[in-house]
Amino acid sequence: MSAASLICDLGREFYRLGWATGTGGGICIREGEAVTIAPSGVQKERMTPEQMFTLSIDGTIISRPADPSLRPSECTTLFMAAIRHRQAGAVIHSHSINAMLATLLFEREFEISDLEMIKGIEGMSYHDRLVVPIIENTARECDLAVSLEAAIVAYPRTQAVLVRRHGVYVWGRDWQQAKTQAECYDYLFRAAVEIRKLEGAVDASLSSRPAESRVRR
Amino acid sequence: MSAASLICDLGREFYRLGWATGTGGGICIREGEAVTIAPSGVQKERMTPEQMFTLSIDGTIISRPADPSLRPSECTTLFMAAIRHRQAGAVIHSHSINAMLATLLFEREFEISDLEMIKGIEGMSYHDRLVVPIIENTARECDLAVSLEAAIVAYPRTQAVLVRRHGVYVWGRDWQQAKTQAECYDYLFRAAVEIRKLEGAVDASLSSRPAESRVRR
Amino acid sequence: MSAASLICDLGREFYRLGWATGTGGGICIREGEAVTIAPSGVQKERMTPEQMFTLSIDGTIISRPADPSLRPSECTTLFMAAIRHRQAGAVIHSHSINAMLATLLFEREFEISDLEMIKGIEGMSYHDRLVVPIIENTARECDLAVSLEAAIVAYPRTQAVLVRRHGVYVWGRDWQQAKTQAECYDYLFRAAVEIRKLEGAVDASLSSRPAESRVRR
Amino acid sequence: MSAASLICDLGREFYRLGWATGTGGGICIREGEAVTIAPSGVQKERMTPEQMFTLSIDGTIISRPADPSLRPSECTTLFMAAIRHRQAGAVIHSHSINAMLATLLFEREFEISDLEMIKGIEGMSYHDRLVVPIIENTARECDLAVSLEAAIVAYPRTQAVLVRRHGVYVWGRDWQQAKTQAECYDYLFRAAVEIRKLEGAVDASLSSRPAESRVRR
């Protein structure tokens, strides 16, 4: 399957998962020096391969869709930051409500440990403390690029950056790893939210499990 | 795709999203002076193009389905209010439980700010205070027309009107924008409900995020 | 579509909705004096028309599947109670977790009013108090028949009977009305559960809406 | 349908249910002495029959996929423990968040009673106390084998073992029973979590139901 077709296929899947509603979210796929990227502001579950752009890593447009009204995704500079700094083969941007709510539970870093799904993240094992930096949202998506790049540099082990009250960027060496990691992070964000709800309701009974196995904050 | 086929397609999608169960909810699409509209009281996920009505903007029936037992949707006068006052190209009525629950959290206006999905609403940016008027429900759907029209006039920037303990009406310049906006509003209603649940459970820890970034009430 | 095919189609849909997992739940459809009914203990999302039974209203088997290991659904006597007492054209049994949780919130009757989806129930309008009797569960499904029948007689306006810690039986004059009503009830059960969660968390702010519009208990 | 095709089909279904995201979860099917098993670390919703391994019950590889980079699932020794000790015809491993959250509510054993879905578990009736042992998670999946095997031996009636902060293993005499039981257990885990949320919020009103029908802890 071509990168263009795959992006359309994944767009439908991410829409169904609630990661790409309201034209939000998206994915880019890199093959060598060419990056295939979706247009801005279109319904992510109804894209066709003919609507895709191909850009070089420096952002130059290599090929573009016939429809002159289309522009490359507003995420382009953000996607390119992960590609340049991490040699990412694919970058996923999700508007999942789990990611957004997780940014309300932590100040500067999302932290969690001792959950099996942590093992789905590159270089992490079960007992490791998984940290995801949270950057503040900006009025325009392109203005996020500076702080996203700074977070990528400051957290050399992270495979994702959360954006407060917005969502998350996740990458990987190829689209399979990017998607797998995006699913693991989304599970972990949701787990943190659900655990918080249960703790609020029933502190006493939850504290009966060993202290060391609790979610750290 | 014809407007009639598109309405059937979107009906299946809205049903899957929980916006149109129990024959509730619906959508109309305007092309010039002709408005395509579904029949009343049918299963929204099993409609066929032959069941659609076409009305002029003043409500006159231009064409009707062969089945004489069908009547135009009870939402018709409500749909027409948004079309006349806002030149809407499409109007969506959703029974999403997120919209219904959101009307229980606010008195006269749903309010939220500082969430990325706000940017999906026409004319709104991230830091803006998004306001959606809430009108009181009535025993008969057609009796909502007066207060819906009043809310549309009183809130010239809104793209939606909530109906207490019922759901929401959302419109847009075309079906794509109406659908995109309906998805963004639904996310925002759900976000408000989920944030309220987390606040109830864990006030102290949530207040550690900057006060100015909290959902305003 | 034949009743046998329709039952298979609806089985897949009810499975997807979480009403018929673990081989639970089910539906029967009556045409005149013949009732088409699924076998007991099969995966409801993988049934085929050849597996269906046809029974007369008194419970006599008119036709049966070739597979001799199949027996008619354990719900049979319960389905027949609604058919005989209410001339139901179809009866749906759902294991929805919304229905089960709703039975934990009320003692003998589920009660709700002032929600739009109430209008989807035969004979009910928006301000009416919708009551659904709750019967106690029994170790064997067939032992429910006596109390289900008693509840149907004692509540002549109800279109459904809840079973404590189990699920719900819903019927209608035909399969369309039975399905529509099952969707409306399921929404109302879920609404009651969600409202309870919000009330527990935030009593003060919720009481700011008019007292008369609150869910009555 | 061959066991290899069925595993691919069920992989898509378990992915959709949230049991097998992030390449987690899985299923094996035994036919006589041959066990068909998926490869490790692949997307469970995109598997093809050509990727499957066949092993004998002692763990010897009978046939393997052409792709030399594939290894058998890390669950293999765990699957084999249930096959050897219980003559299981299929074993399902789920990463469902319901199972994971349920392990946070109980110390050594998940316990529940008086819920209809308990009847979906082999040998259990409605009033029985359903117990599922919880074993502690380990850094490597294969290191779970010893404690899983010990739990299977110590709980001769159980059809499942929960793994703290990880998920659950469920088996059955054939794939149909394994899947049915996995669905029933998942419902019960979710029910326990939801009931806990409601109890935290509204202790007083919940206690109005008979004490003997409450979830025991």
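Going in written order, the chains are labelled A, B, C and D, and every chain counts its residues from 1.
We take it that a contact is a pair of C-beta atoms (placed from the backbone, for glycine too) under 8 Å apart; a residue touches a chain by one contact, two chains touch by 3 or more.
The model shown is predicted, which means the values in this text are computed figures rather than measured ones.
In terms of residue numbering, is the interface formed by subunit A and subunit D classified as same (over half shared) or different (under half shared)?
different
In angstrom, rounded to a whole number, how far apart do the mean CA points of subunit B and subunit D lie?
41
Need the CA-centroid distance for the pair subunit B / subunit C, whole Å please.
For subunit B versus subunit C, the centre distance works out to 29 Å.
Considering subunit D alone, which of its residues make contact with at least two other chains?
Residue numbers touching two or more other chains: 197, 200-201.
Is the chain-to-chain touch network here best called a line, a ring, a star, complete, or other?
Here the contact pattern is a ring, one closed loop where every chain has two partners.
Touching pairs of chains, all of them, please.
In this structure, the chains touch in these pairs: A-B, A-D, B-C, C-D.
Give the list of subunit D residues in touch with subunit C in this complex.
Contacts found on subunit D: 114-117, 120, 125-127, 176, 179-181, 183-184, 186-187, 190-191, 194-195, 197-198, 200-202, 205-206, 208-209, 213.
In their shared complex, at which residues does subunit C touch subunit D?
For this pair, the touching residues of subunit C are 21-24, 43, 95, 97, 100-101, 104-105, 107, 137-139, 163-167, 193, 196-197, 199-201, 217.
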